[in-house]
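Worksheet for the structure shown next.
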Amino acid sequence: MSAFDTVVHLIYLLCATAFVLGLHLMNAPATARRGNQVSAAGMGLAILVTLAVLIQGQEISPYAAWALGLGTAAGAVAGLVAARRVRMTAMPQLVSLFNAVGGGAAALIALGERPASTQAEVTGVLDVLIGALTFSGSLIASGKLAGRVPGRPIVVPYGRWISLGLAVVAAVMAVLVVGFDGGVWALAGAAVSALAAGVLLTLPIGGADMPVVISLLNACTGTAVAMAGFVLESTPLIIAGALVGAAGAILTKLMADAMNRPISAIMAGGYGTGDAIAVAAGAGSAPVREITADDAAIQLAYAGRVVIVPGYGLAAAQAQHEAVALAQALTSHGVEVVYAIHPVAGRMPGHMNVLLAEANAPYEQLQDLEESNPAFPRTDVALVIGANDVTNPAARRPGNPVSGMPILDVDRARSVIVIKRSLGHGYAGIDNELYSDPRTAMLFADAKAGLNALVAGVSAYAS
Amino acid sequence: MSPLLLADLTVFTLGLLVGFEVISKVPATLHTPLMSGANAIHGVVLVGVMLLAATISTPAGYALLFVAAFFAAMNVAGGYVVTDRMLAMFRSRS
Amino acid sequence: MSMTTVGVLRETAGRERRVAMTPDGVVRLRRTGVRVLVEAGAGRSAWFDDPAYVEAGADVGSREQVYAESDILVVVRPPDDIAALPAGRTLIGLLDPLGDPGLAETLAAQGVTAISLDLLPRTLSRAQPLDALTSQANVAGYKAALLAAEAYGGFFPMLVTAAGTSRPAQVLVLGAGVAGLQAIATARRLGAQVTGYDVREAAQADIASTGALVLALSDAVQNGSDGYASALTGDEAASQLHSLAQAVPRFDVVITTAKVPGGRSPLLVSAEALDAMRPGSVVLDLGGGNVAGSAPDTRVVTGHGVTVIGAPNLASTVPVAASTAYARNVVAALGALDDDELVSAMTVRPLHDLDKERR
Amino acid sequence: MSMTTVGVLRETAGRERRVAMTPDGVVRLRRTGVRVLVEAGAGRSAWFDDPAYVEAGADVGSREQVYAESDILVVVRPPDDIAALPAGRTLIGLLDPLGDPGLAETLAAQGVTAISLDLLPRTLSRAQPLDALTSQANVAGYKAALLAAEAYGGFFPMLVTAAGTSRPAQVLVLGAGVAGLQAIATARRLGAQVTGYDVREAAQADIASTGALVLALSDAVQNGSDGYASALTGDEAASQLHSLAQAVPRFDVVITTAKVPGGRSPLLVSAEALDAMRPGSVVLDLGGGNVAGSAPDTRVVTGHGVTVIGAPNLASTVPVAASTAYARNVVAALGALDDDELVSAMTVRPLHDLDKERR
Amino acid sequence: MSAFDTVVHLIYLLCATAFVLGLHLMNAPATARRGNQVSAAGMGLAILVTLAVLIQGQEISPYAAWALGLGTAAGAVAGLVAARRVRMTAMPQLVSLFNAVGGGAAALIALGERPASTQAEVTGVLDVLIGALTFSGSLIASGKLAGRVPGRPIVVPYGRWISLGLAVVAAVMAVLVVGFDGGVWALAGAAVSALAAGVLLTLPIGGADMPVVISLLNACTGTAVAMAGFVLESTPLIIAGALVGAAGAILTKLMADAMNRPISAIMAGGYGTGDAIAVAAGAGSAPVREITADDAAIQLAYAGRVVIVPGYGLAAAQAQHEAVALAQALTSHGVEVVYAIHPVAGRMPGHMNVLLAEANAPYEQLQDLEESNPAFPRTDVALVIGANDVTNPAARRPGNPVSGMPILDVDRARSVIVIKRSLGHGYAGIDNELYSDPRTAMLFADAKAGLNALVAGVSAYAS
Amino acid sequence: MSPLLLADLTVFTLGLLVGFEVISKVPATLHTPLMSGANAIHGVVLVGVMLLAATISTPAGYALLFVAAFFAAMNVAGGYVVTDRMLAMFRSRS
């Protein structure tokens, strides 16, 4: 092996290490961004080295060079523009799109390369099948999130039978390629049936489950890239592909766990109707946004000012000690914390005071309605713990049971997190419009358990 | 099986093991950025497309090459940038 | 009605230490452009002296002056010189028209508009700032626990000391409305082990939300939705009295706060129950009539050494807190005189009118 | 000395509700093979009736009988018929020989051995179960906070209600010994914002360990190691009085518990300080002489509306808890009669002997 | 490559995967034992397959077969017997011994194998150097822990210069081997100098730091084995060696972090005098055993009955809420928890009651001295929080300030954990013999911070 | 460098990466067992000794082989058993 080849190989190894290190750093909020940069640096190096290989080898035809150059330039520009322009909320569908083209590229490699060995034939077929399936599946997933394809589960008549048929076709084509040197047309046939299967698998899955599906397809792309690596006998492709394949699989499991949905149930489809999770409390309630304790903890830890709004649910759960422990954890992390106490929160006058005094909340942090309301607009997070009526914006309108009652203006805070067990009503027995406010996220939990999770989260994820 | 294939398979297996181990308990907030970051990494397929280019010499091949390069480059460039934008939210507290 | 002068009368009822308006309340009223005229010495027994009122922007005058110059007169309880009230005036206070129907007749005859805060429709959320029954019951509940602890011969809390271990006092609170819940909370603060009981099923969760234990009896459970209990039938009452007589003796301190709106307070602790209690036990009757043999503002010790305290007007014994809250209720009421629904509900009408309406 | 009968006398001091032995104590004594003879009615005002003693294994008899048949007589405070004590008997109680030197002479003359629990060397760890000063001070401190809360016209806790927000009462406790710390803890339980002060530097950490704030004055800081304060010099006392006069007026309630062993309780709250306090404030003097113008067992309201309560013997007003603890101290003392070091320290000797020893 | 070779290679890969999985499972208490079993199974498989390779190849000389067979059998028996017989407390030195022989074996491989290539020469020298150094170093470490070599730091005169000299000798030998085909004698020279260096590096390090040193030497052995893998061109050795090398390095860092000692300081030597960490409080205090919050948390979580003994330090730190939170966490994990309250704990009568009532400790869990003392012998852990005098066994003897005071018999519990900030005295101003009791472990921390760490630990490590 | 060496180096690097990633936040109680478990794993050197046996044919070699086999077998057998004993403390609560 020439010195050049040796150096190239070692550099590829370095790049692979950068990918691993990058993913490693991306496990924690504080280092995540640096992780992505390390990974990107590795990628840049890999591309440069490959360019050197091409130049040094001098085997590339001018047309191929042009096709490669133009394609790369155009693709890079398209990717950059899309990534820069996209709104925050539309990022997931864009990631899915990027995943689709990645899978597509992997599949095209196998279509373009003349297989040199049985090994290359086998891995090539796998590459084409997985890549094509990912391509179409990711496109559908992206379309669902973007609203171009309806987000609700679409049931294809006889979908299972069609899938089975497609699988048989793909298998036959694969056998033709490997066993009988079926060549490019059999490969193309396999690709077409995989494309169809990708569509068919993704359509029945509801919009709410899409993030998990995209993660799964991402893992598939990784595997396809590894297969392409086998076809081309390229170590960096094999390592990076395997890395993403396995990491993506674990991540998919974590995501499904966080949503409390088994992956099998997700793939079976039929669940999730929109881009948010709707939990019906009674008739006519609008969809609400749910949040996990982990996410809420990070949001709190990275806030500058947090207002805790306790209500009857805090008393019912006897969670006063946990609430104060959370406030202490946040305070010691540099967050400004106050408690806003509504005059009729709870079930007796001064109910919240009794609880908070028991848990030793400092008197200086207790504010009544007049003190706390003007400060909500400069509050990053209003954390509502088991309070309901005393935060209901309906009080500002006449004609309902809470009309005319002064409320805590939590809806004027930059964001609101509400801890309660369900969308159940409070004492006044009416829906709370706060919960469907776009700035509001619901943490459905018993107040004590929820607060314990937040305390653990804040200490785990706060640097 | 060829020794080369075996070596590749070894590398593949170890890659899988690294992948399994590298993801530890991640806060849910990082799930999407992490997925996006992993997505960017398989943009390494661009390296594959570049290597492929050396073997291509038919018009159909050029077309295929162009599309593959376009796809792969989009994956790489867009993937890293969009991940970075997501992660920008985690810069230290204001 | 052009509102010009609000008069504050000194309370005339015996042992009444509250006052209907505090200097803090005067400041708030003055902001609305109203003149406030305070009878000299009105706030003295609540520790608000005349100079404090003047400083807050009120005028201080004689009782005659207040009667003569005020458009609206505010009191806690009906004055005993009610005949001195000129026609055309408005009287605001806790007038207890259900308990004393004669008053309504008198006032009507005199041409005085009477607004009684105890007629407030309490389930209306916007009425909460006017709710003097709640604010006073809250004070009373707090004081009830203090008084019981004070009268009890032992410790409320558990204390492990070199001179032995004292077990926590067992406290039972009967009736878990506003006063009952505050009594529960206060006794718990002092370290007693507190159990609560109420005839309303919804009150059980309220009790639990203060951290206290719940005494659940199967007798006469009520599920009404307005937050009030209704009077029990004779049978129900007897069965409840019997069940409570079983439960009461294992407690060291019993505080009763049960009331039925517009009715007589139910008897909850019978003479038999008292006899079964340990010597040194304390029973405090806040409801007025919840305990056999209790009399208002008296302490009786039964033959078995149980101290029975009748304390129907405890709010008056915490005059600063009670007056401050009451004055805030009055200020809110004065600000709500344009709220027809509230005013019409609170206006005192002679009994026959009232009866007509209720049916 | 062969110990046969322990006699329990009814207390004769005015307002004294405690008793030196409880039925619970009787049970413990009986286990040691001792006969217990209780004067009829001895425990009545502490809610222990005669049958309870009999049930515990004691005999009940007349006062004469007790005097005649007992080898050891136990009391809380010295009986006023001390002349009736036959020679050769032993008297155990809180005899206050330092406060009343005449008593020692009388007893010595009568041939009575007197053991006074207030002479106990308190720093000895094994003496803790005998420490009646501590057990009674503990009860007194608890009751002091209750009494202050009861006498105060407002809420101790902060309460945000529909009728306004009450700020927590500001309570200052002067002297952070046993009684002071328990008063701090009890007032804190009720929700008041409590500050503590003591002349001993070590007491600051003790105050903080109850969760209260510490008032640190630079005047006359003491670092003695025996846990007791010593009397201040005239200058120190004046400077302390002045500094406290600056601090006191921002508090709503002041509880004083300062004592100096064998000396007069120091004056801590001057007349000027009282005058500067807000009307409605409460000052409770547990030390006896800590507050200008306070008198034992009386409530005075100053011209400025400050209530001054003199309460030097609060333990007696919680008779069950105080007697139970005291009886345990007495039982421990009876069990320690073979501990020469303790007995000799507690034995009352006429003043000249004592003085000789101390020097 | 023959089918047999292929299968062998794939099985080796499987074994390597088993090693990884095993270590993965060993990260958590609940799965750790299973992890070791998985790893052992992988090892067994690897040995079996290698046996098959030997049998199939038939190249082995009968003498070699005997040497191998007898050596293996004797070694296995020796290892098994030692591992079974060893007392719990002597396990670390045994591990160090095993590590020594592992390193020795790796070094011997390079000495035995005729290098076939430059590569084999380079890796062979590295193998010999690292393996020999580990061998002697681990033996010294083991000896120090066992008390055969004095545990205190031994300062060798001119140690640094001698080390430098040894390094130069080793380097020269290495150059001889690789550059000038120096053969077996040069290799042996390298081995000898490395052996000497291993002794010299380990002697100055104190007994208390030994666990970290052993972990570091363990990582070295891993690397030596990987080098042996290069020499023999054996993939399983390379993978397993690299795995242990890296995992051992990370573990060494974690251990040093847990002891709050930078590795560089440890290697510089001179610290740590015995097999326990002594923290001097005043004159004449016996050595005490320290424990980390993590360890204490696991011990508590795996206990059946825990008695919490609060004292003045709990009050001083105002840590009552944290104490009750810990009790709740343990209770919900199935542990029986009570509080034992001494009559004069704290600084006023009933001090502990006031605190615990504030934090809502259930009255049923509060026991006084008479109730709690008889139950200590059936208590797994007595957790003493800021209490001192009230637990001092000196009270049972006459002649000191606490003589005659009844105490809480925590020293009769199966184990004792004491949380306090130092070995500082309590109110009575005397040393507490409890702290040097072998069953007692000290968790030096402010009560509030220490309890918070315990709560976090219990929720993290309790299954 | 030979392709084989390069492949070995790749495998070695990946092995290191797996090793780095596989140890996550471990409670201190497990530090010693984990070290012991890792120690047992490098007992795989026994496989190396076995492979070495096929190449040995001198008396000195046999002696060396015996010692190496003894060492390696001791490492493997003792390592796993002692680790297991340490971990037996973590069986579910009594």
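Letters A, B, C, D, E and F name the chains as they come in the text, with residue numbers starting at 1 for each one.
Heads up, the rule we're going with is that a residue touches a chain if its C-beta (ideal position, glycine included) is under 8 Å from a C-beta of that chain, and two chains touch if they have at least 3 such contacts.
On a predicted model such as this, the values are computed, not experimentally measured, just so you know.
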item	value
Partner chains that chain B and chain C have in common	A, E
Chains touching both chain D and chain F, listed by label	A, E
Homomeric contact chain C-chain D: same or different residue positions, threshold half	same
Farthest chain relative to chain D (centres taken as mean CA coordinates)	B
Far-end chain from chain C, centres as C-alpha averages	F
Chain A-chain F separation of Cα centroids, rounded to whole Å	40
Cα-centroid distance, chain E relative to chain F, in whole angstrom	18
Separation of mean Cα positions, chain C and chain A [Å, integer]	56
Sequence positions of chain A contacting 2 or more other chains	16, 20, 24, 235, 239, 318, 343-344, 349-350, 354, 357-358, 360
Touching two or more other chains - residues of chain F	1-2, 4, 10-11, 13-15, 17-18, 21-22, 24
Where chain D touches two or more other chains, by residue	128-129, 134-135, 138, 157, 159, 161-163, 166, 189, 191, 211
Those chain pairs that satisfy the touch definition	A-B, A-C, A-D, A-E, A-F, B-E, B-F, C-D, C-E, D-E, E-F
List of chain E residues in touch with chain D within their complex	312, 315-316, 318, 343-344, 346-351, 354, 357-358, 389, 395, 401-405, 428
Complex contacts: residues of chain D adjacent to chain C	46-49, 128-129, 131-132, 134-135, 138-139, 142-143, 146-147, 149-150, 152-155, 157, 159, 161-164, 166, 186, 189-191, 279-280, 305, 318-321, 324-326, 328-329
Chain F residues within the chain B interface of the complex	4, 7, 10-11, 14-15, 17-18, 21-22, 24
In the complex, chain D residues that touch chain A	157-163, 165-166, 168, 191, 193, 211
Of all residues in chain F, those that touch chain A in their complex	1-3, 6, 9-10, 13-14, 17, 21
